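One chain, chain A, appears in both complexes that follow, with chain B as partner in the first and chain C in the second.
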Partner chain A sequence: MKRQTRRLDRQPGEVIDRGSPLEFGWNGRSYPAYAGDTIASALAACGERVFSRSFKYHRRRGLLTASYTDPGCIVQVGDEPNVRGAHRLVTPGMDVRSQDTWPSLAFDVKAANELVGRFLPAGFYYKTFIRPRPLWPTYERVLRRFSHGGVVSPDPLSPELSSYDKRQVHPDVLVAGGGPAGMTAAVAAARAGARVMLVEEEHSLGGHLRWGDKADLAALHDLRSLLAASGVEVLTNSVVFGRYDHNHVAIVQRGLPHVYERLVKARAKTLVVSPGLIERPYVFAGNDVPGVMLSTAVRRLINLYAVKPGDRAVVLTANPQGDAAVVDLERAGVEVAHVVDARGGDDLVRVLGRGGVKGVELVGGHRIECDLVVTAVGWTAPLTLLTMAGTVAAYDSRAARYFPGTATLPDDVLPAGGVVGDGTLDELVAHADAVGREAARRAGSMSRREPAAEIPALPVDAHPELFHGPTHGIVDFSEDVSSRDLLTAVEEGYSSAELAKRYTTATMGPTQGKLESVNVVAIIAEATGRTISQTGTTTWRPPYAPVTLGALAGRHREPVRYSPMHPWHERHGAAPLVAGAWIRPDHYGDPAGEVLAVRERVGIIDVTPIGKLDLRGPDVPKLLNLLYVNRWSKLEVGRVRYGVMCAEDGVVLDDGVTGRLGDQHYLMSTTSSGAASVWEWVESWLQTEHPGWQVHVTPVTTSYASINVAGPRSRELLGRVVAEIDLTPQAFPYMHVRTGRVAGVDGCVLWRIGFTGELSFELHVPASYGLHVWETLLDSGNDLGVRAFGIEAQRILRLEKGHLIVGQDTDGLTQAFSAGLDGLIRLDKDDFVGRSELVWQAEAAAESRLVGLHPNDASVVPEEGSQLIEAGVICGRVTSSRWSPTLHRSICLAQVATEFAEPGTLVTVRLPDGRSVPATVTEHLASVDPEGARLRG
Partner chain B sequence: MILIPCPWCGSRDAGEFAYGGEPTPRPDPRTATREQWRGYLYLRNNVAGWTTERWYHRMGCRRYLTVQRNTVTNEVRQP
Partner chain C sequence: MAETGVVARSPIAPAAPEIILAGWAVSARRSGAALTVTDCTPLTKVAIKAAPVGATAERLEVPFGRVSRQTWTLGDRDCSVMVVGSGPGEWLVLGPPGSQVSLIHQLSALAGDGDLVAVVDLSHGRALVRLTGSWAAEVLAKETAMDLGDSVCPDGAAFRSAVAGLAADVIRDDRDGTRSYLVGCERSSGQYLFDSLLESGAEFGIEVDGFVPPDI
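Right after this comes the complex of A and B.
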């Protein structure tokens, strides 16, 4: 096993637990680590310096920031690709591998890309693989092998990796960023009475205080105690990745037991944005060679992980943090060979070495041997959440960084800490404390009379503008975009930041601009002779940090609905049919046999999903007259009527029967798929157009189980389970409704209708008795040959009868006269929904009609959707088609252009396989019993 | 996701509502010309700024309500 040769003695602020040693694997070899180590810190402690190969040129990459933004150590962990190795904590036995290297990290064949690097300029893929177009699939196959992205196992994921969670929270104040400013603001808001949530991407709170001096560590200790006592809910290893309208804030929370990630959707009354500052890399030749690090990276390695980052260092510094890194390096036993003070105009020219730093060249050609180059040249303010809230980033050349333009922020978003200024720790705390109190006040946690907290402004330190040295280097470390590529883009005319970004893909990698965006803008500004302010920025969009698709999708949940008779269907081998949310019996193994049972004897079908609305009140007839195309004002108690609804454009919306159960009591049925939308439709007309009408609507779809009893012997069967209702044709004629007791169950509704074309009764029974009534019917009708039938048999039966299905035989453009509903539509009514359009459709004559169609070859069943073609022009389509077991032939319904709608017209059906077959328009929509004798029997 | 103020339920996520769009007065069907009727069906002002629109609290109290929304900033207020 490897040894931790670079591990330092105990450091005051270290986050590793030396009492919990563990082992993990790196490219198949075993490595030691301590609990609290990240993958990168553990490997660095063992002397590893190379963690990945770069995106385009496959150059060796090591640590750059040693934090969650580090682009140089994206690794594969077990099944999981693209893990940020400088953020993910090691666990015992963890299997970590380098990504996209072949045959190995040390010797990667694809590094040949670097040799031809001058042939891979900006826009190389756009320019090279665009033609010839037919070759693109081949290009794609080859290029895919060069793509970056790890490996996803085709095997099912472990439960920990595949289960995700969602949570909704409603904090008064949400604080994004748990450095000293965020911690202070959270405590202040909580003390003011607010419910506060604090979210920090790192594994521990404290920001830069964690790698500070003794005073910083003492201050951090105090802040943590205050926070622990404040009642603030703290989420670490979690990140706010988006701020949306009305402070809807998306957070991804990691490191939970049992779920891989959790998406927390917060609706915050006030959002405090305190992300601190991110150190900016310096652009010069060799700036991506392993061993070139930012000052924060070496300070993190030394102080948090007790790792000695090198033996001999050259430091380029332009600020006090860089100076502090020199002190830290010396304390850690690293020889600081030379300090280049950029404040005095000194500069670095290039890094020497390819696989690792061997030295640097200074201005004037002087070379210094070293294995570590540290740069401290400035800061990037991560303004992402603030710009999502509407602020415009404003560049301040004196401080060499962007600041939020506070004037454009909404009242419910407050920036705090490093994004708004510098200052001593005391100044920062006083400022953040006021921000926290003001956030609580704006969230309404304090009395309204409380005056607004005065937020002290933070001083802004001057900082030299340092973006690049005298040589070209990498700007975007994730995408392998160099400063030379940006110049090429500008030369080719992509001179706006947004265009150059898209052309070069700079800022489009996993770091999403956190490290590179300021350098990109600065280099474009220089190349175009503009200032940084004139150049503008690229747009920051969610997500701020990488988010898995699993976290966005959440737990897999698809609710389904079952009728009370479902257990019986399952026991009797029903083939399930997914119909919206419902699982329905498609058939019980023999749909043709089920059809014949209904035609010859009696069958029962579960039609529970039919939409049912209970309508009460004196104005129900007005409502029905308005919504249906036919007349309803004279419907007597005890009658039911079929009705069709249209939208205001005359297009058929839904159909069903409605019965009058009492003087002011109606039961409306809708199609199964229209149950929800018709309810909404009814409410819409009642609430927005006719609020004065007295109608009370109650949805009762699932309050009743619905059973259709159909067939010549249905009356006989029903007579055995109904005692008090007279079922004789004289007492209970076609299109009538009765209520009463069925199979001992009170409160049932029976209506005589005939979707199947047979004598039939539809029963609506209180849902909890549905299974009982269903089984009673089957038990009582054994000798009658009763049989359950499914949706498929019902479809055949209704097609034989020529009854249309809204949405199948009509579509979103089918106006009522094209649906064969001429006899139903009453244009002499003063008004109904869609009437105007139907008046005009009647005047113009419908362009197409619904007709019955019989293929001349009775054995050919054209697929639904087959086109009708005459003289090379599409003149219609088959909307429904089945083999009819009753007639022993194929039957169809079709929409055809009116000139071909006359009975007896011969049309040509183009089958999906390209064959054309002749078919004849029939006289009626119905193929079986067009006179309706069976129905009315 | 924006918040919609429901008179019964208070402020709720827009995801609980169905969007009804700009309410357009229904012309008298006995006298409306085709142009008027099709304007009612299809033409909306679609302003950049304050607009009045209807929402239906589908996942809540089932009430149709009217709010004003600034289509540029997504500010929402009671009419």
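Right after this comes the complex of A and C.
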């Protein structure tokens, strides 16, 4: 096993737990680490300096920022690709590998790309692979091999990786960024009475104080104590990745024990944005060689992880943070060979070495041997969330960074900390305290009479504008875009930041511009002779940081609906049919046998999903007359009537029966799929067009388990379980309704209706007793040959009977006359929904009709949707087709042009396999019992 | 219904062991966990629709979005019932299992003169689940976008919103100072709702607790 040769003695602010050693794997070898180490810090402690290969040229890459944004340490962890190694904490046994390197990280064949690099300038693929077009699929396959996205296992992910979650929160104040400003603002808001959530990208709060000196650590300790007592909810290892209208804020929370990631959707009354500042890399030759780091990176390594980042360093500094890095390096035992003070005009020319830093060349040609180059040349203000809120970034050349234009911010968004200005820690804390109090006030957590908090201005420190040296180097470390590439883009006409970004892909990698955007704009500005302000910026859109698709998808929630008899269906091997949210029994293994059982004996089917609406009130007949095409004024108590609803355009919307249970009490049924839409339809007409009508509507679909008992012996079966209801044809004729007790269950509704063409009864049983009634029917009818039948058998039975199914035998254009409903439509009614259109259709004659159709070859069952063709022109389509076990032949319903709708007309059915077969239009829609003698029996 | 001797079954399969209580097959499991979920479907549920402002609304004394616990005489005994202002001009009354006949009778008598009132028994048409524990709000926050904070949804509040993708009625009904919510949905999705809450509550150690009548 490797040894931690570069691990320093205990550091005051270290976050590793030396009492919890562990081991993990790196490219197949075992490495030691401590709990609290990131993958990168653990490897660095063992002397590793190369963690990945670059995107395009496969150059060796090491640590640059040693933070979440580090582009040099993106690795594969087990099945999970693209893990940020400078952020992800190591765990015992973790299997970490470099990604997209072959055969190894040390020797990567694709590094040959660099040898032909001059033939691969920015945009080369746009030019190279555009022609000949037929070769694009081949190009695609080859290019895919060069994609830099790691490996996703084809096998299902482990539960730890595939479990995502979401949560909704409603804080008064949400603080994005847990540095000293964010912590202070959160505490101040909480003290003012606000519900506060504080979100921090890193594993712990404190920002730059964490790797600071003794005074910084003491201040951090105090802030943490205040925060702990404040009641603020803190999310660490979490990132606010989007701010949308009305402060809808999206957060990804990681590192949870039970789910891999959680999407937190926050509706914040006010949002405080305090992301701090991100140190900016310097562009010069060799700036991506392993061993070139930012000053904050070496300070993190030394102070947080107790890792000695090198042995001999050259430091380029333009600010006090760079100076502090020098102090830290010397304290850690690193020999600081030379300090290049950019404030005095000194500069670096290039890094020497390819696989790692071997030295640097200064202006004037002087070379210094070293293994570490540290740069501290300025800061980028991550304004992304603020620009999402509407601010326009304004460049300040004196400070060499962008600031938010606060005038364009909405009242419910407040910036705090380094994005606003500089100053001492005390000044930053005072500013953030006022921001926090004001955020709480604006959230309404304080009395409305409370005066607005006076937010002190923060000073802005002068900083030299340092973006690149005298040589070309890498600008976008994620995408391998160099300053030379940007100049090429400008030369080719892509002179705006937006165009150059798209042409070169600069800022489009995992760092999303946080390290490179200012350098990109500065280089374009210089190349075009404009100022940075004139050049503008690219557009910062969500997400602020890359988000997994799993986090966006969240937990899989797909509501399902089961009938009370579902356990029986499962126990008896029913094939499940997914019908919307309902899981229904399609068949029990023998649909043809189920059909014959109904035709010859008796069958029962679970029809619970049929929509049911309880209608009460004196104006129900008016409502029914309005919504159905037929008459309803004289429906007597105890009677049932079939009705069809149309939309305003006369298109068939739904059908069903409605029974009158009492003087002002009706039960309406709808199709299973139309239950919700019909309810909305009914409410819509009542609430918007006829609010004065006295009608109450209550959906009761699932209050009842619905069972259709069908077949010549259905009356006999029902007679064994029904009490106090006379089932004789005289007492309970077709299209009537009764209520009573079934199988010992009160409150049941019985309709004498049917969809199968057989004598049948539809039972609506209080749902909690549905299974009991179902099993009682089967037990009671054993000697009658009773059998459960499923949806498939029902579909065959109804097709034999010629009953249409709305949505199958009609479509979104089928008006009522085309559906063959002539006998039902009452155009002499005063009005009903769709009447005007149907009057017009009656006058103009329907263009198509629903007809029965028998293929002349009885053995051929045309697929539903098959076209009907005459004289080379489509004249219709088969809407329903099945093999009829009753008739031993194929039967169909079809929509045909009216001129082909006469019984006996021969039409041609074009089958999906290209064959054409003749078929004859039948006299009736029904193929079985067209007179209806069986169902009226 | 219980007098028929026929057993009523909730859409939510009872966790073993199963017993018959008040005519319903329910779970006899007892949990001492800090977070529990209980199938309360056996409770009687009666919906009332009437004018939002009128004599019936006045007599019910519960505004939209609020809950009132009242003692009513049902049959020959005093029972605790919960009246929920579940929608504009819409109330839901929860009572002990098997009390629908008495409840409907009493509610029908409440109707004001000239008020059109619909009283509909939904006891078998709705699933009802109780989520209890200090983490109850956190679990529910995974399934609904509503603000569950005390300022918006205090004890005794009710709302209708999407829960786990379902249209659901949610009632904040704390028990002995511990957070508790009743969540009701269409009966057919009861098992799905129950399973969703169990899954979301797993990280908080949620356990199934059996129904104990009257449990209102």
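As a working rule, the second predicted complex is superposed on the first by the 929 of 937 C-alpha atoms of A that agree within 3 Å, B and C clash if a C-alpha of one lies under 4 Å from a C-alpha of the other, contacts with A are read in each partner's own complex, and residues count from 1 in each chain.
Everything that follows uses one rule, which is that a contact is a pair of C-beta atoms (placed from the backbone, for glycine too) under 8 Å apart; a residue touches a chain by one contact, two chains touch by 3 or more.
Please read these numbers as outputs of a predicted model, since none were measured by experiment.
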Open item on the list: Tell me the contact category for A:214 with respect to chain B and chain C: first, second, both or neither.
Closed with: neither
- [ ] Could you look at A:449 and tell me whether it touches chain B, chain C, both or neither (first, second, both, neither)?
- [x] neither
Open item on the list: Just to be sure I read the superposition right, which of the two partners does A:836 touch: chain B = first, chain C = second, or both, or neither?
Closed with: first
- [ ] Based on the superposed arrangement, let me know which partner A:888 touches: chain B (first), chain C (second), both, or neither?
- [x] neither
Task: Touching partner for A:10 - first (chain B), second (chain C), both, neither - done: neither
TODO: State whether A:634 touches chain B only (first), chain C only (second), both chains, or neither.
DONE: neither
Open item on the list: Once chain A of both complexes is superposed, is A:267 in touch with chain B (first), chain C (second), both, or neither?
Closed with: both
- [ ] In the three-chain superposition, say which chain, chain B or chain C, touches more residues of chain A.
- [x] C
Open item on the list: Taking the superposition on A as described, I'd like to know which of chain B and chain C A:259 touches: first, second, both or neither.
Closed with: second
Task: Residues of chain A that lie at the interface with chain B and also at the interface with chain C - done: 267
Task: Residues of chain B touching chain A in the complex - done: 1-3, 13, 18, 20, 23, 26, 29-30, 32, 34, 37, 40-41, 54, 56, 58, 62-64, 73-74, 76
Task: Interfacial residue positions of chain A with respect to chain C in the complex - done: 165-170, 195, 256-259, 265, 267, 555, 557-564, 567, 581-582, 608-609, 614, 616-618, 694, 696, 698, 700-704, 743-747, 766-769, 771-772
TODO: Over in the complex, which chain C residues touch chain A? Could you list them?
DONE: 1, 4-11, 13, 24, 41, 47, 49, 116-118, 120-126, 138, 141-149, 152, 164-166, 186-189, 191-192, 196, 199-200, 202-203
TODO: In the complex, go through chain A and note every residue touching chain B.
DONE: 244-246, 248, 267, 390, 648-649, 680, 683-684, 687-689, 830-831, 835-837, 840
